[in-house]
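Okay, got some structures for you below.
In the two complexes that follow, chain A is the common piece, with chain B as its partner first and chain C second.
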Partner chain A sequence: MDKLGSKTVIGAGATFTGKIANARVIEVHGKVNADLTAEKVTIGEAGHFDGAIRADLVVVSGHYEGKMQAGSVWATATASISGKLHYETLQMDRGAALNCHIVHNWTAKNAVAAQTDNNDAGLPLATPSDKAKNGAVPPPPEEGA
Partner chain B sequence: MSAKPYEQVTSLHEDTTYILGDLIMEGALDGGDHPVVIDGQFNGDITATDVIIRQQGKVTGTVKAKTAVINGHFNGNLICESLNVTATGIVEGEVQANALSIDLGAEVIGSISRVNAKSK
Partner chain C sequence: MFGKNSDSPVAPPNHSQINEDVRIRGTITVSEPLVVAGQLDGEINADTLHIASTAIITGEVAAKSVTIDGRVLGSIVADKVFLSATAHFEGQLHCKGVAIDNGAYVDAKFTKEPATNG
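Showing the complex of A and B:
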């Protein structure tokens, strides 16, 4: 029992469709079609994950398709990612195939904004009024000097 | 003999599917030609060669397997060649098995019948 800990593994050749909740560490070597929230997700070389992932760390060696929101993402040489990727830190090995929309969430605040934006599949772009405030129209320098 | 499939999978193999910890899974799981070990909670259908529900495991739904070992809680339809319900096992529902062993202390509530030769 202790040997296994609380790691969940979807074995090679296995197929799962549905929902996964309350996961901590999960490894995917098979095919999974699910939405998932976890601490650490590993998609093995033979793994195939389709669906949303929200995790602190995601290591991708296989195929991923969907919306991923992760603190750290490591795409190894055999990785192939499509869909959407929100990350704080990203490592990409030579040979990794990223064919997706990539957004960098530097702060937790942005991450939250990005999450809410996910519903309409939009980017956390500044609104036109923000742009006017933040430099699209530069404020006159040395005002009142 | 009945404890064998349990022992075979106590170390992590890449091929085996493990659902462990406080995890809750809902849906359909096909383990292919490999075993499935459940120590978490699973609602839905499971198909695999060996299905092992460990002591903390809780499965609700339909399980189809060659061998099933139940140390935990199962509720639903269970169709397998050989079934072992250990002392800590609880099975509720409809069981179809050709070889059946129920340990002293186990709880089996429901109907038990043989697998129809035609249906797999």
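Showing the complex of A and C:
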């Protein structure tokens, strides 16, 4: 136990198939076919990862294929990614091969915020005075015009 | 987070480890040493396997040599098996040689045969 760091490692000679949950920090140097939830994922140069990843930070130096949802993605020069990539921040080194669908939104946070804003805008039908005040500042949407 | 080069992967380690807080379901095949400290539900094929005291393994284990400090429920096929004092093992054991420390909990069926696996 003691020699074990705080991370999980799938070594170069390892093959894993299945589901990994709750891994804080995981390094993949072997072949993995899995669904993974973690804080930080590193796919080494020799690593092959096939499957879904949900993580805060993903560093890819090897092969990745699947649907990744990550806060930060770093594709190093040796990376090759295919599939789908949802990210908040992305760094791509010269030489990285991205062959995938890339979407900058992975959090529902933005969508939720937008929704709340809309609700706030729609709220002032509380009191007539509020309504009047709100109506005076921005011109109300004119549907008839 | 990004600018730090210390984050970049180093030479791949030739051992594998499953950390304490990790829950895994599936099959893991390793030709190098493997340390399991988390929860694993499934199959392990390894060379040298260390099941740490925090580990809970349910399923089938095949390896050349197995050291058990944690809990194993299921079957083990191995050449050499060592159950330490903190080990908890229930199931079937198929091995050439076994050593059991004083204090280990063992509720198993033993078969002594040369292991074909591992």
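To be clear about the criterion, the second predicted complex is superposed on the first by the 103 of 145 C-alpha atoms of A that agree within 3 Å, B and C clash if a C-alpha of one lies under 4 Å from a C-alpha of the other, contacts with A are read in each partner's own complex, and residues count from 1 in each chain.
Definition applied: a contact is a pair of C-beta atoms (placed from the backbone, for glycine too) under 8 Å apart; a residue touches a chain by one contact, two chains touch by 3 or more.
Just so it is clear, the structure is predicted and the values come from calculations on it, not from any experiment.
K.L.:
Is chain A touched at more residues by chain B or by chain C?
P.N.:
C
K.L.:
Kindly classify A:C100 by the partners it touches after superposition: chain B alone (first), chain C alone (second), both, or neither?
P.N.:
neither
K.L.:
Classify the contacts of A:Q91 with the two partner chains as first (chain B alone), second (chain C alone), both, or neither.
P.N.:
The answer is second: A:Q91 touches chain C but not chain B.
K.L.:
A:A52 in the overlay: touching chain B, chain C, both, or neither? Say first, second, both or neither.
P.N.:
Neither partner.
K.L.:
With the two structures laid over each other on chain A, which partner does A:S72 touch: chain B (first), chain C (second), both, or neither?
P.N.:
After superposition on chain A, A:S72 lies in contact with chain C alone.
K.L.:
Between chain B (first) and chain C (second), which does A:G18 come into contact with in this model arrangement: first, second, both, or neither?
P.N.:
After superposing on A, A:G18 lies in contact with both chain B and chain C.
K.L.:
Need the overlap of the two footprints on chain A, from chain B and from chain C, as residue ranges.
P.N.:
1, 3-24, 26, 29-30, 34, 44
K.L.:
Which positions of chain A touch chain B when the two form their complex?
P.N.:
Of all residues in chain A, those touching chain B are 1, 3-24, 26, 29-30, 34, 44.
K.L.:
What residues of chain B sit close enough to touch chain A in their complex?
P.N.:
Contacts found on chain B: 10-37, 39-40, 44, 48, 54.
K.L.:
Name, in rising order, each residue of chain C that touches chain A in their complex.
P.N.:
On the chain C side, the touching residues are 1-2, 7-9, 12-32, 34-35, 37-38, 42, 52-54, 69.
K.L.:
Under the definition above, what is the set of chain A residues touching chain C in their complex?
P.N.:
Checking each residue of chain A against chain C gives 1, 3-27, 29-30, 34, 42-47, 57, 59, 61, 72, 74, 76, 89, 91.
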